[in-house]
Structure formats: structure tokens, C-alpha cells
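In what follows, chain A forms one complex with chain B and a second complex with chain C.
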Partner chain A sequence: MTDRRRINGPAEGTTPPVFLTSSTHKPVIKRSPTTLRKIFLKTSLTPPATGSAFLELPTPSNPSTPTLKLTASVYGPRPLPSSTTFSPDARLTAELKFSPFSTPGHRRGYIRDGVERDLSAQLSIALEKSVDVGKYPKSAIDVFVSVLDCEGGLGDAGDGNDGGVEVGLMGVVAGAISCASAAIADAGIECFDLVAGGVAGLIRERGGVVEEDHVGEGMEAGEDISGARHGEKKNRGIALVLDPSPTDGYIILAAAAVGYMAARDELTLVWTKGSMGREGDGTDEVERLVDGAIAAATSVRLVINEAVKERLLLGLKEIGLIKEKAGGNDGDIVME
Partner chain B sequence: MAPLQTSQQTGTPLSPAELSYLHTSLTLTPPIRPDSRTPTQFRPLFAESDILPSTNGSARMIWGDGGECIVGVKAEVEKNSISSGGPRDWIETNVEVSGQRDDDAFLGMTVAESLLVPGSGVLERLVLGERFHWKIFVDILLLTPPLSHPATLLTLTTYLALRNTFLPKLVSEAAEDPVFDDDWGNGLPLYPVDRIPPPITLLVVNVGENIFFDPTREELAVGDVVLAVSICEKKVVGVRTLEGGSGGVKREAVKRVIKESCEVAEEVFSSLNGVGEGD
Partner chain C sequence: MSQPHPLPPIALPGQPLAPSPPYTSSTGTHIHTQNPTSTIITASIAGIPHLHPDMSISITRPSPSSSSSSTSHHRPLLLLPEVTSTVLARVTRLNLRQATVEIFAMQAGAEEMGVCEHTFQGIIRGQDVRATEKDRVKILESFRVGDVISLGDQSNYYLSTASNSLGVVVAHSGGELRVTDAGDPLHPINWRQMACARTGVVEDRKVAKPI
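After this line comes the complex of A and B, so read on.
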């Protein structure tokens, strides 16, 4: 007798489908440690905002690997709400938000968590020092950065990092600084300088993959792989890597993110993680790391310059001040 | 950010002229601080450890200005399968600032980041056999928000509490369910004397050519850059920039601040380790 009131499954049972996980493939490092990724940066993409910018890092060879994408929009200078007290300077607030779908693996909530509040605070520190807030009394400048996609490495559960420092958040902060600075320039707000974000990390070499395309950074290849922990044998097997990505597969001992104003040669933000030795003989790991991050930020600055210039030229062309430029410039510039 | 220092404009009751006067006196060589301290001198503080009997380790510190911080460290046995995040979740820090609804993101992140720095060796000591581990809860209570940024007070108290944290001795085998020695006297320190100590974070402000430790709120307001430098046994384990100051700062200044922090930290460590030995 068969049960005709219900729709039953097959009597012999089925096997659940098994999907291949994207994380099974080994990451292959194509970039040399001192090469930065190309950056796509375009301004004025959010019409209602006073100024806006979109930043994207190139999609890696494997399309399922996430990459960093974020937008920044700037509102203001606009009057402070009447409830607030008098302020002789502009008040700059920055808010960084991860989209719920931005993180690989698990979903992020809508409510701001501790990480987002922390990053927002750092972003606002980095930007506030570059904006000429004295020019805009009694006004507010609001910066909103929304992360659409990021590469992981945020220190969340299940990120599976074998004992290194997470650089995902630093990459997000550096990208947010660069993008927001371009957006502030796009909004026409007076600045002392544009801020560019840069990240650098110190890595311990492992395996043979990294050695091949390494540009000898004062290290002996191959010999020290078994891992003298940082300390006894410093500088051996420890190399500097610029713009590290969580998907690169490095074990990062220490990392630094900076906000850097290249034209003034000044820092607005310093954030380091991981332990760095300090020796008197000129091999200070902190200094090396900060200098590396500054070098990365200097290169990023060229991209911001180009993005801001592109928008400016477009504006001038619209009002007929300059003629159509000959030759296709697609906005790509080559970083060294 | 900081409880009282919500914004630079509203942070201090000082007028622009007063701030300018303060800035000038701090840029002098030798600098003159409003409370006539030397640049590396800390404000006097009262510290005691082991004050909460129901915790595994605790400490309390009071600044002269009324700022008070109490830290309690508790440990629980947990199955490895419960915390999905791996060893990263084994230490949980929680900062509670009285009178504030949200906990302070900056303070909590600074403590958690410097505690969980790779290679500190503390996570290895939390392993209990094959299936269990200790879960450490570090609860930080800032009772009366001090008139200055609480970062220094907070990490010094946390250091003291962690230094005085003892865990019951494990007597069972690795494969068994954990069974502990019921004599507290046999407890093992979370941070043994000969191992890497817990980190401390120093708040440093740079004004012109001068560097000041343990700055007051007024000094923070006129600083060029305010850095929180976390140090753990002669190694820098974290640097963060705080709100305050206008314009950027040269990289040489940042490096000098970090370098000097390491030197001062050694003195701080030795005086912190002397707490409790006197009585």
C-alpha cells in the first residue's frame, strides 16, 4: 500500500550533491614581493554625493577568488545640525561599512561591529589631517566608505591562517584611505594634500615557490626555510613584501598600514600589527616596515593623481575650456 | 574614540590662546609640562594585584586624577570544537567604560591585537590535552573615566592582572577529560617569569622635537601626533594612531617615538614587576 497523500522521496535514498570548494587550489604567487597590484580608481560615480570614487584591485587569474572593491562617497561641506555646538572647524566623520555579502565565506551583519567602528575611526583620523578643516567653519563633511568585496583575512572565524598576522583589514583601510581621498578631491574640498594608503609586510620565506621570483632583498634563498623564528637570526629569511594580499599565501610576521601625504612627505596614520624586533645596528624592522608601506603609498598616489586629473580634465572639457585630447588614454598608468 | 575626547574641538576646555601657550612651552628645550613632570615621567599611580578572590587573576590601578581601572581574568575549560575560530578565540577581552553605552572599539582592539600577536607563546599554554583548552576572559572595567586618555592606565592594569593570573595544574593525561589539582598553591602562572611577558601599550605624544609619555588631555590636544605603541619584551607589537593633532607628521618623528617608547617600556616593565613585592 502506498502513501498517496504525501510526496515521498525515492525509496532507495539519494546522495546529497557535493560542491567543489574554491579554496582547495593552491595560491600561486605571480607578483614579485615588491610589485604592487594595479589599481582601478574612478571618481564621480555616485551622482547624489558631492564627491565619490570607486576603487578596485584587479581580478586574479582564478575568477572565484575575491578581490578588493570599495566605493567612497563624500557629502558636504554641509551645515552642522542645529543641535550641535559651535565648531570653528569642519567636522569630518568617516564611516566604513562592510556589505553583508562582501566577505568570502560567511556573511556580515548590518549592524556595525567593533571591527568596523575601529576601521571607521582610523579612516577618519587619516583623512582629517589632510583636509583644511579651518576653511569650513560650522560645517560637517561626511565620508561613507562601503566595502563591496574583500579578500578575507579579517581575523574572522574560519579564515584558517597558520600563525601569521592578518593583513586583510589593513588592505581594506589602505584602499579606503586612497579611495576616500580621491572622493574628497572630487568633492572639491580644500585639502593640504591627498592621502594615499599603503601596506607592507615582513614575511618569513617558506617552500620553493617564493624563492624563484624573489628580487634578493638581503636574504639567502633556500637555506633558512626550516624557520628560525624571528629573533636569533634576524634578517635571514625575512623579506619585505609590498601590498601583501591575504590570498597570496604568505605567512606574515608583521605588517604596517600607513596613510601618507606624498607631496608633504608626512604621515597621517600608522598602524602596525605583529611583533617587530628592534636592534641598534640599523636593521630596525619597524623602520623597514614603515618605509616599505610609505613606498607602497607613494606608488598608489600616482594612481590617485591620475584619477583626480582625469575627472578635472573632463570637467574642463565639458565647459569648453580645453579641446578633445588626441590619443587614447585609458587611465591606466604603470607603477614600478 | 576616547570617552572624553570625542572631538578635538570639544575635547579640552582650553581656548586657542591657551593651547598655543601650552604648545610653545612643550616645544621648548628642555620642555616644560604643565604639571612639571619630565618628558618620560608618569603620573603617580596606586596599584594593587589579587584583589578579586573569585578570579584567576586581578589588578586595580588608580591615577591621582580619579581614573580607576579594575581588571579581572577568568578562565574556563572549553571543548576545542566549540570555538570555531581556532586559538584566536581562546582569549576574549571586554572593555567596559562606566557611563558609556558602547564599549570602546579602539581600546578593546588595541588590547586584543597586542595579546594575540603571533609568537607570544601564550596560546600554547592554554592547551589542555587533545580535546580541551582554557578559554581566558579578560574583563576590563574603567570605573571613572580619567581626565586623560585611558589607554595607558588600562594596559598597565591588564599587564598586572595577567602577570598574576594562575591556572589550576592539570593532572590528567592528554587523551582524558581534564582533571585538575585541587591545591591552588600548585597553580601554574599564565605568564611564567622566564617567558615572554604580556604586552603593554604606551600613549606617546610628539610635540615639535619633544616626545612626552603619559600625556594629559591638554597635552594630547596640542600634540602633532598621538601614537599608542604596544611593546612586549623589547619588541614592538603594535602601533596605532589616535585622534589629535593637525596635519601629518614626518616619518622620522614617528620612528623616533617608537624607538623612545621601547626604551621607556623597559623601565615601566621593571617597575610594574615590583608591584606587590613591597608588601
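After this line comes the complex of A and C, so read on.
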């Protein structure tokens, strides 16, 4: 008598399927170090939310390579829960959550872990300076970012990147900032400026990584490490990479992520990591990193602007205002 | 009217619109002080900028829900109760001293009444109902309350119905004596009484000005 309340396995044993490991692909760097990846950003895709946005970086040549996909939804302004104390301004909370299937290789738990808590705090810091919280007294604005697919490791144990710093989390934070800011604009919440996230990294310039130097040098991981160590000894020049991806195969010495409000020229978040500058105090390198990240964020800002504008024009078209208002002036929006 | 400072057809958050000294900021914009000598009006929401005759600049969002939108989904309005806004609220709890209400629609400024996305909790204290009918007012189904006289404490909005035009607009019978007859709509007789359309039972209410 079989147990009818359970799904029983087959009577005979089975052999577990063996999958090919996807991590055997060689990193292929096709773009130049200062070129950003293309960004797909669309707003108003989550109907129940006040405002929402979806951000995706393009899938690389190998479809099994992970990329960055995340959604942001904004709820509010809504009344504060009765347990909270009085607040004359709006209270902005941001929460970043990784989906269980988001990390390649292993599943994540549902319970909020330290990484998520840390990223949520950073996201909240980056966003709250941009929102005009004084306009919404006694209310809460909640931002939820859900990471659907995240490229590369997250700095967890076992994700060691052979001596370099891990930029996966920085990419996630930068993407989350941009996506959440687009969602806030989509919600129509008054904000001083939109925040765009940008990442830059410093790599040691050597053959194989910066393609102009040498062509055809092997990209085996072992050679990478030895090459990096040789490079350190030889103290070669240091190159700046914008929007580095963990799948690019760079060995990044230091990296910075910023939240940048382009129209106001203000930074809302700076996150640096890595070690630089054994000679000197490293100020130049930090400056170079942050400037690079700002340059990346400025380019991302253009994408956010386009996404917000696209939604606005769609709304105008729906109510039939598009002809008289924005008819021939489509490309006229210039941010300075 | 000549426009010395042409506005862009569409404004995005953070976009500078006009220098501040001649122009003033209205809804959807705010004044950004770049340095002590120059202040500038920037957009704070995405929308269409308008220049008003009083040199104020406002930005309106297109709202597809307001005009014949059968295809687009309803976009909720971002509304918060302010002092002097008129609201529609449903009574949720009663005691001798106050009525707790749930604000679900409000009218802010000159705009039309809009349904809020979330309800806000409000309180009508006995002394704010009417000077003569302090605690006797039975507020049962729906209330037209208005004039938020104060923004209240940490979570409540204090409301007042101390005006002829404010009070109950929709009510259903259901006095404690006649439970079986409950549920019929009431119509107003005078400013303090409403009668059931079917049974003619008169109940006490603070009625909004009968038409």
C-alpha cells in the first residue's frame, strides 16, 4: 500500500543527472575598459506598486553566463504604522532582497542575511538624500529591490577572486540605486534629483587584460594570477575600468561604487574597497576611482532619463496630449 | 504673453527650469540654492511644466485615470491630508468621546476629490462635531468630514465637522433597538436627524447640509 498523500519516487533507483559545469567558459572581454554595458530599463511594470522599474544588463555571448537583473518597486507615501513614533517628514525605507535563484551555483535562503542588510542600508542612504521627504509628513515611502539574477560572486566564502576585490556586490548596489531612482520618479514622488549608480575599478595594466597591449596571451586563471604578481613586482601602470563585471576576468585591485545626482553634482553614496597605493597615501587613486565611478553614473543617468521620459510620453499619448505638447520636440530634453 | 524664459516641453526630476528671483516655485518644483548668489527652480517630478501668470512654475503629471482611460490601469494619486482639506471618511470605531474614522478620499486645494491609495486614520472629537450635539451623535456608516483643523499627533489626523456643509452624507439605519430593521438607507430630515426611507424611524446624526 503506497502512501497516497505523498509523491512517491520510482520503485527502482535512479541516477542523479550530471550537468555540465557552466563555469568553464573563458572570460571574453569585448568592450573597451571605459565602455559601459548597455542597460535595459523600463518603468511601471509592477501594477500594484505606486512606481516600479526593471533593470537588466544584456546577456553576454554565452547565455549561461549570469547577468544583472533586478526590479524595484516603490510604495507610498502611505501612513506610518501605528507603532512608530512621530515623524514630521516622510520615512524612506529601502530593502534589497536576493531571490533564492539569483546567485549562480547555489541557492540563497529566504531569510535576510548580513549581505542583504548591508546593501539595504547602503541603498537607503543613497536614496533618502534625493527624495524631498519634507513634502510628505507623517508618512512612509517603502522601496523594495528584488535581485532576480546577479552576476558573479557576492563576496561570500568560497567566492575568492584570486587576490582581486569582488565587484559583484558593487554592481548590484549601483544597479539597485539606478533602478530604485527610476521607480521613485515613476511613482511621482517629489525628489531633488535622480540618483544614478556607477562603478569603477582599478586594474593593473598588463598583457591580456587590456587588449591593446598584447594579443593572444592565454587567459587561464593560473596565468592570470602569476601575471598579476609579476605586474606588481614590475610596478606597471594602473588602468581604470568603468562598470567592471565579475565575468570580465579582470583582477581588480580597488573598486568604488557611487550614487551620483548628476543635475546637482552631488554624491549620495561612496563605497570603496580594495587596497591601493603602497607608495604614497593613495589619494590620487581614490580620486581617480571616484571620478571614474561618477563618469559611469553620469552615463547611467542618461538611461534613467530616457526611461522616465519614455513612460511620461506614453502617458501623454494615452490622454491624447502628445500631439500638441511633445510633437516634434521629442529629443529636446537636455540635462545640464 | 511673452515668455522670457522658455520652459522645456517635458521636465524630469532635477532639471533646472528657471532662475528663482523672477519666478516662484509651485507644485512639482522646488527651489535649489546652488550658491548664496543664485537660486534656481528645478523640477522635482516628471511632467509638463506650466508657467502661471503670477510667475510661478508648476509641473503636472499626466493622469490617464482622469479622462476616459479604459485601457490603462488606474494610477493612484499621491495625496496626503493637509490643513483645510476636505475629506470623505468612513466611521470605524465609536466611543463616547470620539469617533475614529478612516479617510479614503480627499480634496486638496482646488483639485477635485481624489481617492487615496491608502487610508489614513482620523479622529473626530466630541467637541469638534457641533457645540450642541456633543456626545449624542450617532455616526454609523459614512461621514463627510472636513477641515482638518490640525495635523494631529503621530498617527491621527484630527477632523472637524463644525460647519453646515460638513457631516454625514451616507448612512444606513441600524439603531440598537431595532437590529432586525438595520441596513436601510437614511435620508436627511434636518441638520441633526435622518429618517429611514422604509420604516420612517428617525435617528440622530450630524447631517451635512441637506440639499
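Keep in mind that, in the parts below, the second predicted complex is superposed on the first by the 268 of 336 C-alpha atoms of A that agree within 3 Å, B and C clash if a C-alpha of one lies under 4 Å from a C-alpha of the other, contacts with A are read in each partner's own complex, and residues count from 1 in each chain.
By definition in this document, a contact is a pair of C-beta atoms (placed from the backbone, for glycine too) under 8 Å apart; a residue touches a chain by one contact, two chains touch by 3 or more.
This one's a predicted model, so the numbers in the text were calculated from it and none came from an experiment.
Asker: Touching A:312, do we find chain B (first), chain C (second), both, or neither?
Answerer: It touches chain C, and chain B stays clear.
Asker: Could you tell me if A:192 is touching chain B, chain C, both of them or neither one (first, second, both, neither)?
Answerer: Both: A:192 reaches chain B and chain C.
Asker: In the overlaid three-chain picture, which partner chain does A:7 touch, first (chain B) or second (chain C), both, or neither?
Answerer: neither
Asker: Check whether A:82 is in contact with chain B, with chain C, with both or with neither, and answer first, second, both or neither.
Answerer: It touches chain C, and chain B stays clear.
Asker: Would you sort A:136 into first (chain B), second (chain C), both or neither based on which partner it touches?
Answerer: Touch status of A:136: second partner only.
Asker: Return first, second, both or neither, reflecting whether A:50 touches chain B, chain C, both chains, or no partner chain.
Answerer: second
Asker: Contacts for A:262 in the overlay, against chain B (first) and chain C (second): which applies, first, second, both or neither?
Answerer: A:262 contacts chain C only, not chain B.
Asker: Which chain A residues are contacted by chain C in one complex and by chain B in the other?
Answerer: 85, 87, 192-193, 261, 264
Asker: Over in the complex, which chain A residues touch chain B? Could you list them?
Answerer: Checking each residue of chain A against chain B gives 85, 87-89, 91, 114-115, 117-118, 121-122, 124-126, 128-130, 133, 155-158, 160, 163-165, 192-193, 229-230, 253, 256, 260-261, 264-278, 284, 286-287, 290-291, 294.
Asker: Per the contact definition, I'd like the list of chain C residues that touch chain A in the complex.
Answerer: Residues 8-10, 12-16, 28, 30, 32, 42, 44-48, 61-64, 66-67, 69, 71-73, 76, 78, 80, 117-121, 151, 153-155.
Asker: Within the complex, which stretch of chain A touches chain C?
Answerer: Counting only chain A, the residues touching chain C are 47, 50, 77-80, 82, 84-87, 132, 136-139, 185-194, 261-264, 305, 308-309, 311-313, 315-316, 318-319, 321, 325-326, 329, 332-333, 335-336.
Asker: Can you list the residues on chain B that touch chain A in the complex?
Answerer: 1, 7, 9-10, 83-86, 88-89, 102-103, 105-106, 108-109, 113, 117-120, 225, 227, 232, 234-243, 245-251, 254-255, 258-259, 262
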